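Every chain is named by a letter (A, B, C and D) in the order it is written, and numbering of its residues begins at 1.
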Amino acid sequence: MTLRRISIFAVICLCSLGLLISCAEKPDMSGKVAELTKENAALKAQLAKLTEESAKPTGTYKVGAIFSATGRTSFLGDPEKKTAEMLAEQINAAGGINGRKLELIVYDTEGDATKANLHLKRLITKDKVSVVIGPSLSGTSLAVLPVAEENETPLISCAASYKIVHNEKTGKPYKWVFKTPQTDTMAVEAIYTHLAKRDLNKIAIVSVTSGFGASGRGELIRLAPTYGMKIVADEKYGPKDTDMTAQLTKIKGLSPQAIVNWSVGPTQVTVLRNYRDLGMDSIPFYQSHGFGSRKNIELAAGAAEGVYCPLGACNIAEMLTPYDTQYNVAMQYMKNYKAKYNEPLSSFGGHAWDALQMVAQALASVGDDKAKIRDYLEDNIKGFVGQHGVFTYSPDDHNGLTKDAFTMVIVKDGDWSRSS
Amino acid sequence: MDSVQKENILDVQKVAMVFGGLMALSNLNFQVKQGSIKAIIGPNGAGKTTLFNIITGSFPPTEGRVRFKGQSIEHLKAHQIADRGISRTFQTIELFDNMTVLENVMLGCHTRVRASFMASGFLLPQSRRKEKEIQDRAMKILKFIGMGDKFNDPADSLPLGEQKMLEIGRALASEPELICLDEPAAGLNETETHLASSLIKAINAKGVTVLLVEHDMKVVMNISDEIVVLNYGQKIAEGSPEDIRNNQRVVEAYLGSEA
Amino acid sequence: MLRIGKLPITIFAVLIIIFPWIADHISAIDHYPDIMVFAGIYCLIAMGLSLLMGYAGQISIGHAAFYGIGAYVSAILTVRYGLNPWTGMLAGMVVAAVVALLVGAPSLKLKGHYLAMATLAFGIIVYIIFNEETEWTGGPDGMSGIPGLSIFGFGFDSVEKYYYLVWGIVFIVFIFTINVIQSGTGRALRAIHSSEPAASAMGVDISRFKVIVFVYSAMLASLAGSLYAHYLNFINPSTFDLFFSIKLLIMIALGGMHSIWGAVIGSGLITFLSYEWLHYFGEFEVIVYGAILLLVTIFLPHGLVGVPGIVKGWLRR
Amino acid sequence: MVNHHPHFLFYGSGMEKITLASQLLQYLITGLTVGSIYAMVAVGFNIIYNVTEIINFAQGEFVMLGGLIMVFFHVTLGLPLILAFPATILLVTLAGVLLDRLAIRPIRQPSVLTLIIATIAASILIKGAAMFIWGKDPYDLPAFSGRNPINVLGAVIQPQYFWVIGFLIIIVIALSIFFDRTIIGKAMSACADNADAASLVGIDVKRMILLSFALSAGIGAVAGITVTPISLMEYDRGVMLAVKGFGAAILGGLGSFPGAILGGLIIGSIESFGAGLISSGYKDAFALIVLMVVLFFKPSGIFGDIEISRIKRF
């Protein structure tokens, strides 16, 4: 008996040992490093070993990234990862920063809080990165936030929730945590302002029961009084539901003046179709910024016509005029992204672009000292022109955007068009 | 009346069982005397095993009562009846084939010696003591049924004959006052059959009342004090082996079938 | 078959104690203790489940619910009511036990696939509650600011400290569970697994034993949930969804249901596969995962603990 | 700018009211239509269960494959419906055959858990493969007969739903004929009752199992093809459909086709009425609670026979 048990342990130990060796040999694999750095693996291995022994800064600037690149929330992380890797590539192709290469180490959280936590710790303690961008989700961001604070490492989240940069206890932002995306608050404000302008105030909410839908719903309810909105219905559906007719039928019975839907993925298209089927066209329909991809307009097959939604500049680059401040960056990004991945731009990749560009700027001017980077972000990011708006960070504001970051657009003839 | 109660350890009164409109047993009455060996015989489908299942609480009868030592038990669950002192074997062997021979018998002791979940979890001395006690007891029984040397074999590795024996041993472990044996000799060869019947006698000699269902008439005739004959769920005869041998209805019932 | 000698247990204990030291000296794995913390947490649940499934032969595809109950009770009591974490932990186990009793009593009368569906349904319902009762659970965004654990001013605030806390608990539970298995209770459970009619005829109160084990496994899951919450200082519902319940099944099947060691090995392996090793396969992760699973179920019907037996088989030839 | 948009002609005006009656009718219709999708999945579960007593957790993946492969043939390749439809079913059926051959048949000692794990593993694999082929985005399929909803007493139905229900009815009729009239069908049911006896009378049980997998894969494909125009399809849709379908099959009683239909329709209706009248957030919970309660009182589902479920291995 005992012999059997021992042999089990032997087997296990051997297995793990084998895997250890395999990963000790090629640490660059342990984290999908941006294309360019993949070359001369041998040299990199040595570098990596060096860093492991002593935390001396090496020939590269190490930037960590954690996105939900796969799994149920990959609609966020996938474009973010692609964007970040594309950007790192461009920077290095242009000779890097201060002559040093930018080494981007990306881990996949699969939208899982546990993984996000593990990966951030690993980036900080093992890969010795000087700054981290991501995670993609509000949930995962809130999950890793303590780690960043504890280890005094600047973190630029790519998730929406305002809680990420708002410490309930102090009422101020967390010291080491910033974020680039507009908060749901801004999206809601944009929508409510638009509604108010058309004096529509009797509204119905439909939201998906996921983190994205829930936080949007929360803000819609929280801000309703401020804008004199009366919420007559508050309906929900699952992220994999096949039909929302029931919810919409209930809403129809309550005859609101407008419907606001907060979701991502296929459901926001299905809900539109059901809304058309029920002949509710006379009720204006507002989508969240989650709708911000032309793919959705295609999928809706006409049903999206006349739908409003708040979008960041990068989604409507073509509609910008050279006079718009974001015209250049937006056009640039869109061209490059389409060229590299030939797929339509989603609303989310831009968040990673903004985050990494700020990091690059910081590295360029203060090097890879964590504290310096943090201070730089807080003090020197003023009027930074990004994909999702013009950022101005301050000790009281680690998000740096106003609701102008969103432009209300309406779907016309199968494409976005600006709505006054 | 009271005296009758005493000497009848088991009293089956007007028991009827209906499966989906089908009458498996109807108005069945008979008693088992304390310390006797009683056999239930009858052609296949006569309802013998059904009767066993009712007595041992696999399911309650549709009608009637089963009194054990004067108390009615027909409403009790199988494990409660086991606690009361009735134990059984199965026609289709139901050993715990994921255990050793010894463990099988040890489980038989379950009704008598029990350690609580927590006690055994924290390995309190009492649970250790009990475990030891159970082991010794089980070994004794294994020696009694002549399988002391096989205590560590996996149960499913035994030949059929020994599996039957082990089932009897397991049943004994619960120290029953009444033991119900369902075809203990089925599928056994001459010598094994002989062993089985002598074992049954030995058990009975220890004061355990035996109720058995058996097709092998030789066994039935030479070990049982009394015999009940069932046919189509009804008692057609009851009495000593002699009476039954010369009973016309029994012969008829068996014509074409065995015996 | 089930007698477990002192030696392997000692080896197990020693491994637990020296692992952080080893990891510390091999740069490639110096971050493993962190992962081991989660491995330990999952191991707690897996041990309870293997008792339920491997020994009592009952299926549960809903244990993520108890894991979640533990985590949320801990979190709500500490964050919303400022109670002591240990109190929260205890309360969680009590709540889990009560729920398990209420759900288990009727459910465990069900057989095979019906039991699977009932537990599956239970798991999903609880998951929905976590999502919907926003004012209590914080909804899909979850709860942050959950305090860490400390005792008499000694805080389990570093990875190593928490590692020893978790694995200390794991070891205690491990010993407890082995004792149960090797006692009459374990015998009764295996009897139920093997033949219910025979077991009950031998005086085993089947439904009682099933419920006891179900409650025990639920309490372990809850304990694990609390440990998770106080380590991560954050929880959200998606951690406790259907997929985690399935992951637990996989851990047990992979390790081997019929031995408590299977739970230890299975949970450890799956944790490292999904948190560490499979990353080397990048996008192919999912497929490799599925493949490993399928191959094990096909070629190792008794899981990894069955490997030595198979090897012995070869050697004999 | 905006004034171009028709909405502005009559926004604010409280729009045409919908009466409670037609609201309830709408809930019913929605429930039945959604339910018939679940029912179709449940029927797939039952076919395999009836022959093998296995619950195939990869059933949902068949549905997903059906939808996405149809998209490939009909949209990407532009094949006409009449060709794409059978081609899709053929391909998915093949997948079913492979599943049996590669995942189920090789298992030495089948037990409920090993089989559940095996089918789960298979579904993970299939899902992963689909992710590589089609990516993570949802795909659309043109509705078979337009998207103009049909109005019934103030409630509306998508024409596509008639296809779903229609196919469901066809499948059920076809199956009942197949199992009661044809020799193969009878042979399959024989395996269900008693595999050993079946093989004794010379029925090739392995072949029958293979057939059952092929059959239920085909039905899964039909479900996927018909539902995609309604709710789009993406690589990870299968799990949820499998869970709902499993629920329907269990509720109706494993192995019973009328049970599967009833179970599906009940679950669908509870969801839509629950969402409409009580709370849309809890709608799935309502269905599952009802399911559990039913099981507690009737442990083998509505049409399930306890006696039969007793003799089943699992």
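One rule holds for everything that comes next: a residue touches a chain if its C-beta (ideal position, glycine included) is under 8 Å from a C-beta of that chain, and two chains touch if they have at least 3 such contacts.
Owing to the predicted nature of the structure, the values given are computational and were not obtained by experimental measurement.
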Per CA centroids, the chain at the heart of the structure shown is C
If you tally C-beta contacts across A-D and across B-C, the winner is A-D
Separation of mean Cα positions, subunit D and subunit A [Å, integer] | 35
Centroid spacing, where centroids are CA-atom means, of subunit B and subunit D in whole angstrom | 50
Quick one: subunit A and subunit B, Cα centre-to-centre, how many Å?
-> 72
Rounded to the nearest Å, the gap between Cα centres of subunit B and subunit C is 42
At which residue positions does subunit C touch at least two other chains?
-> 131-132, 283, 286
What parts of subunit B, by residue number, touch at least two of the other chains?
-> none
Shared-contact residues (touching 2 or more other chains) in subunit A = 209
Pairwise touch network: line, ring, star, complete, or other | other
Full set of chain pairs in contact is A-C, A-D, B-C, C-D
Which residues of subunit C touch subunit A in their complex?
-> 3-5, 7-8, 11-12, 15, 26-31, 34-35, 38, 131-132, 134, 139-142, 144-145, 159, 228, 232-236, 238-239, 261, 265, 268-269, 272, 275, 277, 279-280, 282-283, 285-286, 304-305, 307-309, 311-312
Sort out for me which residues of subunit C touch subunit D in the complex.
-> 53, 59, 106-107, 109-114, 116-118, 120-122, 124-125, 128-129, 131-132, 242, 246, 249-250, 252-253, 257, 283-284, 286-287, 289-291, 293-294, 297-298, 301
Subunit D-facing residues of subunit A, complex = 72, 74-75, 78, 198-200, 209, 235-238, 240-243, 245-247, 249-250, 252-253, 255, 257-258, 265-266, 269-270, 273, 276-284, 295, 298-299, 301, 306, 410, 412, 417-420
Please name which positions on subunit B make contact with subunit C in the complex.
-> 56-58, 77-79, 82-83, 87-88, 90, 94-100, 103, 106-108, 110-111, 113-115, 117, 120-123, 127, 130-131, 134, 154, 170-171, 173-174
Under the touch definition given earlier, write down the residues of subunit D that touch subunit A in their complex.
-> 1-2, 4-7, 10-18, 20, 23, 26-27, 30-31, 33-34, 37, 136-138, 140, 142, 147, 149, 151, 155-156, 158, 227, 230-232, 234, 236-237, 239-240, 271-273, 275-277, 280-281, 283-284
